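As written, the chain order gives the labels A, B, C and D, with residue 1 at the start of each chain.
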Amino acid sequence: MVNTDQKLINLRREFHRCAETGWLEFETTIKIIKYLKSFGYKVKYGKEIHGDRMGLPDSDAIKKHKETISIDTDFDVSEILDGYTGAVGILDTHKDGPVIALRFDIDANGIEESNDKEHRPTMEGFASKKPNAMHACGHDGHIAIGLTVAEQLAMDKHHLSGKYILIFQPAEEGVRGAKSIVESGILKDVDYLISGHIGLGAEENEIVCGTIGFLATSKLDIYFEGKPAHAGANPEMGKNALLAASNCALNLHTLTQFGRGMSRLNVGILKAGTARNIVPHKAFMEIETRGENGDVNSLLLQKVYQVIEGSARSFDVKYRIVEAGGAPAYNNLDKSFIDGLVEVLKKKNMKITTGKSLGASEDITYMMNEVERNGGKSVYLMFGTKLTAPHHNNRFDFDESVLNLAYEAYLEIIRSLL
Amino acid sequence: MVNTDQKLINLRREFHRCAETGWLEFETTIKIIKYLKSFGYKVKYGKEIHGDRMGLPDSDAIKKHKETISIDTDFDVSEILDGYTGAVGILDTHKDGPVIALRFDIDANGIEESNDKEHRPTMEGFASKKPNAMHACGHDGHIAIGLTVAEQLAMDKHHLSGKYILIFQPAEEGVRGAKSIVESGILKDVDYLISGHIGLGAEENEIVCGTIGFLATSKLDIYFEGKPAHAGANPEMGKNALLAASNCALNLHTLTQFGRGMSRLNVGILKAGTARNIVPHKAFMEIETRGENGDVNSLLLQKVYQVIEGSARSFDVKYRIVEAGGAPAYNNLDKSFIDGLVEVLKKKNMKITTGKSLGASEDITYMMNEVERNGGKSVYLMFGTKLTAPHHNNRFDFDESVLNLAYEAYLEIIRSLL
Amino acid sequence: MVNTDQKLINLRREFHRCAETGWLEFETTIKIIKYLKSFGYKVKYGKEIHGDRMGLPDSDAIKKHKETISIDTDFDVSEILDGYTGAVGILDTHKDGPVIALRFDIDANGIEESNDKEHRPTMEGFASKKPNAMHACGHDGHIAIGLTVAEQLAMDKHHLSGKYILIFQPAEEGVRGAKSIVESGILKDVDYLISGHIGLGAEENEIVCGTIGFLATSKLDIYFEGKPAHAGANPEMGKNALLAASNCALNLHTLTQFGRGMSRLNVGILKAGTARNIVPHKAFMEIETRGENGDVNSLLLQKVYQVIEGSARSFDVKYRIVEAGGAPAYNNLDKSFIDGLVEVLKKKNMKITTGKSLGASEDITYMMNEVERNGGKSVYLMFGTKLTAPHHNNRFDFDESVLNLAYEAYLEIIRSLL
Amino acid sequence: MVNTDQKLINLRREFHRCAETGWLEFETTIKIIKYLKSFGYKVKYGKEIHGDRMGLPDSDAIKKHKETISIDTDFDVSEILDGYTGAVGILDTHKDGPVIALRFDIDANGIEESNDKEHRPTMEGFASKKPNAMHACGHDGHIAIGLTVAEQLAMDKHHLSGKYILIFQPAEEGVRGAKSIVESGILKDVDYLISGHIGLGAEENEIVCGTIGFLATSKLDIYFEGKPAHAGANPEMGKNALLAASNCALNLHTLTQFGRGMSRLNVGILKAGTARNIVPHKAFMEIETRGENGDVNSLLLQKVYQVIEGSARSFDVKYRIVEAGGAPAYNNLDKSFIDGLVEVLKKKNMKITTGKSLGASEDITYMMNEVERNGGKSVYLMFGTKLTAPHHNNRFDFDESVLNLAYEAYLEIIRSLL
């Protein structure tokens, strides 16, 4: 019999191998569904767990990825293969008790994994088999923890009460997937939401219970469309999308001074024009905003929209803005709730701190805000461990003993809530 | 008895002394009216010769100038002192014949005249007595020519036929006054319009008969108004008019490439802000556009308005555009009409060329276009002479013999039209 | 005999009446010198207490202000009337003991005081008699406190030990004067530096002992000089200072995103150009930067200089940067020293807090850093009181009972340091 | 025996089929060499006919194109396959006489030819066989004319005197190849240079003999390189190449007002940045300038370099400028020489005009200026014909009877020069 530790490691490595980026987690989703079904869960997936999907890859990318995978299932996967990825496992004890949701993110990064022999996944043969996709943020570990917790809950079912909703969320990178899941309504009656992340701001072997400082963020794709013209013969007939975008980029970067909290803005990508001698009629920009709180990000976004509109007007071009991602801020610390959890974990000799700031964005905040708006409570944990390289680096790896630490923390917290 | 030459010189020097800038030609206008009345003209002035006055000085400047002059007239000058300057003398022979309009511009430049002893007006004691106002464009000469022609026509009245309309136009500098005069309707039935200018592109002693190449131009004053805020404490509460104006200035200067003819744009003045530590909420710009033809200037103006609106939108500020001046293009050369005039002048042993280009703007074009639109004909002459310095220079002066040359050319042309 | 309270109020009102702005504190300085001399102080003033004076008014303004005042002194005031304002009173007990410096700022704001009858200075007849100058920041109170403390110390001289340096600093507004005083060397051997401010972040009747959060700041005046040209005839011959400045303003505002602490930048004033139809060859800008710490402000300034140089290069114009003001950050809280002072004040039943943040700039930081660099200690106090309007408002006034509170706090602290 | 007309058409279609873009004319060059050798010409090619090649494709593109062609020659083509394309055929009569150079450009456009059945090359089976390369500017015709003239000259050799240099120039599109050929020195002793173009400004069946109005032009590729940084965590550590390029693009577009002649500038392409959340550290721009005369383009270029340098300085990034193409202006009309040629052609009942303006750029001007600088003479002809679509359109085709017209014009002119 495989012990829990080994089970966690095996699962983590299985999913590390089949790294898939946001909305393309086809194999990943199918594997998760199979496991959940094998544990006895009722599983929801496809359109029924989704609303508006932000930052979807274009249809070519979806089609192309579909062609690379072979399917062997006894259930209908067509919606999954259209990008309705992720899965929700439901375990109902049919006994009075709280509705407890757990959330695990499942997507990989668009990074080519290092093939350096000293990189353990390469050395030990579990590196990503997919080109330009790698679990460099620990979500492979999150899946492993989620499935192992799922199995244990199913095994303990008769000693438990209430209902368990295990959400395996796609497209956390780029903060795209959570909003879609929330819009499906799956979180409506949840009393407690628990989620967490390997690494980040937690020190080695430390668990942060009650993370705050989630920045609000918005990711926008901006398209300008003007009119081409020969730049030598009749330049006045052109409508210059390159200048509109250039002007927009500069003006956007003047917007970030806020007295009411830190803000950030970046125009990360700008592409414009078709040929040296043609007045450029097309331009494209990828931008992002961040705010220390929702108020900052909202006001910043309002200013961003004005600058985009004004730049388009100045050069008489059309524009289109596509929301490619986003997440609200989260700064709550429900002291009595969190302190209770801290006590529970400390009793197990875990090293616990509380109230640390993420200082970044995570779209779990969509879910946390939704649950709390409905009267529920939520907690986000960080599981400290030794990393070989920073998150999102092509040599990222972690000490796999953190998997068991996280697994036990989830179970302890669940038991304490009953 | 004073000969014509001396009369012209005396008049020129009288008006040189009382140089007054556009819309403030109070003394100048009153003197002209007195002369015209003394010659027996019916004189129109004040509101009856005006429509919409562009580029009017502010009411303080009008009030201040009013206080500097002493009035001694037997006619009502209150409208003149409100900036309805200029005068129109009408001589009706009551015999069938053409309606002939002559136009002379009367305003000075906002320049302090040189007090260098070698500058003849200073040396000979006829320099401007008004601070910061100087006839540095020869309009003093134009008045002298106009009044002397007026006197001669009145004296010849019984030998003449038709009707004579002598327009003494204010505010030609900044191309402001002609539009207002045209709107009064005074030019409605004119068969021939004759005007001209001392110096410019004509060579010494040469008369250009039939000038073309008048550029279309627009002069705009632009006001941006935002919202002040403390730049340290809450910069996001401000609406930055300085950045709107700066952005506007840069973007305006990208607009001047035209395949269909030369264009020009200049942001000549920009003033913004109130204090170093306040988000600037006010900005002001003076700009001008030019076009080789009306089509170029119109399309350019349309683009200018878009940039202004877009810049205001980008920084969430309000804007106001005031037309401070303007003139249409003029490029006609009615060959048979002009050739006829050239013949007339050549017979008098004058050195004549035709079809030279002004390469600048003059608001006579409002009048020329109006007359021609109604079926009349028009001609603009340039009277070449030796200048001591370029037009608009504080040491500008001209060889006064050109006055008689111009005087005779006007009379010859008039006689040939009867 | 006048009690201290009344003496403080009389002095405050005397100086309120003769409000003078930075580097123009001619009457103010002379009055202060007379008082200090009358108390028996050795007084330094003029060039001997100054180094490099930032943000000096132009020579016309100095000359003009000189003409408005009448002088009646038995000492030489010529340097004072050249803008070497302020005074330093020295009281040496000739007994072993610490060197204690006190600093009081003496300049007024460039504001026209309200003549509303409900504004107490107006109602009670002690409003500013100087046009466009008003004590709207409480420095009149600071002078009163300083002189009254000075008199008391002189009276107590035989019971005291050490040496007392009372600095009456000019030009604190715009953070201009402290650097000049420091450069004179007057603070070289100081063991303790005490200063403070009426109002600001302190609550009514509260004293903040140990203020931190002084922002680093720099005030720069920027001059661009290009080449004029006729905008219609030969625009390519011009070198456009207006576009250089506009471009500079926009680019400067893109520089404020810092991960290592809050930063601010404002282009508060921009003036460019001479006429609508001339390529503008002159431009002027007033800007300021701020940083949560010195590192932020230094790096920001470095970027600012690059943008200015780059903008000048882009438009082929020359530039000149004048430091018009500035102050370093200050964030120290020498816990044992400050806690000791807090104890002293609390014993007198004063309401004391500590460690409040100024969240703004004050050039006392030049002095505090200087003293601490040399091994001394410093403290900055805020004296809470009821204000009728915010600082720098034309209806600013304060409850004069705060004068006595501050006076007593200074004396208590001094006594505790012996 | 094939008549000349059919020979011209066959050759034109052969080269139309193997359309190759600038510096990649591998098959085209080899075919031309084979023909020239078969006619008895001494042929120069490879490095010996080249100097500095502007706008070379990157080495990957060269390598890739090399792989698509099969070689069957008895001469060394390695230099040709490294992008030293084009060939020069020399026919020396060894009799005293002038050195006459003819120039034919040989490259195709980077356009996918229309596969519409109504497009004659498609219908008749001679459409381009190369992807994304098409003769849409008539250079296939120029090659056909050049080779047929070459054959005829070789056949007439014994009746001719002097020396004949037939230049088959690569990379005229983008005005890249002529400079390189000139630098080889091949034109050093040329007495007469003759070149021409099908279509353009000539009317149907008209020959323009003596074309002027060639615009000076420069094509620049600009690279900015800054430093990446995380846009959320430490934006101040980044050096933003995207903003440098955006700012540069806007400022470049303010440079085009010239009193001394028309100018143009276009930033045709701008690409910057790597990811939404990274401060963009790379940017690339393709720009072009044009000037009515060399003076305008030189001064414009000087201003362009200043703006690039200034923008880089402003954002503290490095830059690199690569000349990707260029050509001088040409406005000479050597009246007696050209009039002589016009007479010659008119005698052959050809419809001739002279002095028409190209209003565009052609790098033949490098050669014309070189020949005239050395005391020789040059003429550029335009051969009017019916076009099915504008030049550079994917449905471009011409009436092949123009080939014979041009062929005969070349021969007549040559004969007249002996």
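The rule is simple: a contact is a pair of C-beta atoms (placed from the backbone, for glycine too) under 8 Å apart; a residue touches a chain by one contact, two chains touch by 3 or more.
This structure is a prediction, so every number in the text was calculated from the model and none was measured.
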item: Between the pairs A-B and B-D, the one where more C-beta pairs touch; value: A-B
item: Most distant chain from chain C by Cα centroid; value: D
item: CA centroid of chain B to CA centroid of chain D, Å; value: 51
item: Rounded Å distance between chain A and chain B, as computed from the means of their C-alpha atoms; value: 68
item: Multi-chain contact residues (two or more partners), chain C; value: 231-233, 235, 243, 247, 250-251, 253-254, 257, 264
item: Touch list for chain D against partner chain C, complex; value: 231-237, 240, 243, 247, 251, 254, 257-260, 299, 303, 306-307, 309-316
item: Of chain A, residues touching chain D in the complex; value: 174, 215, 219, 231-233, 235, 242-243, 245-247, 249-250, 253, 264, 266-280, 286-288, 290, 324, 359-361
item: For the chain B and chain D complex, residues of the former touching the latter; value: 250-251, 253-254, 256-257, 262, 264-265
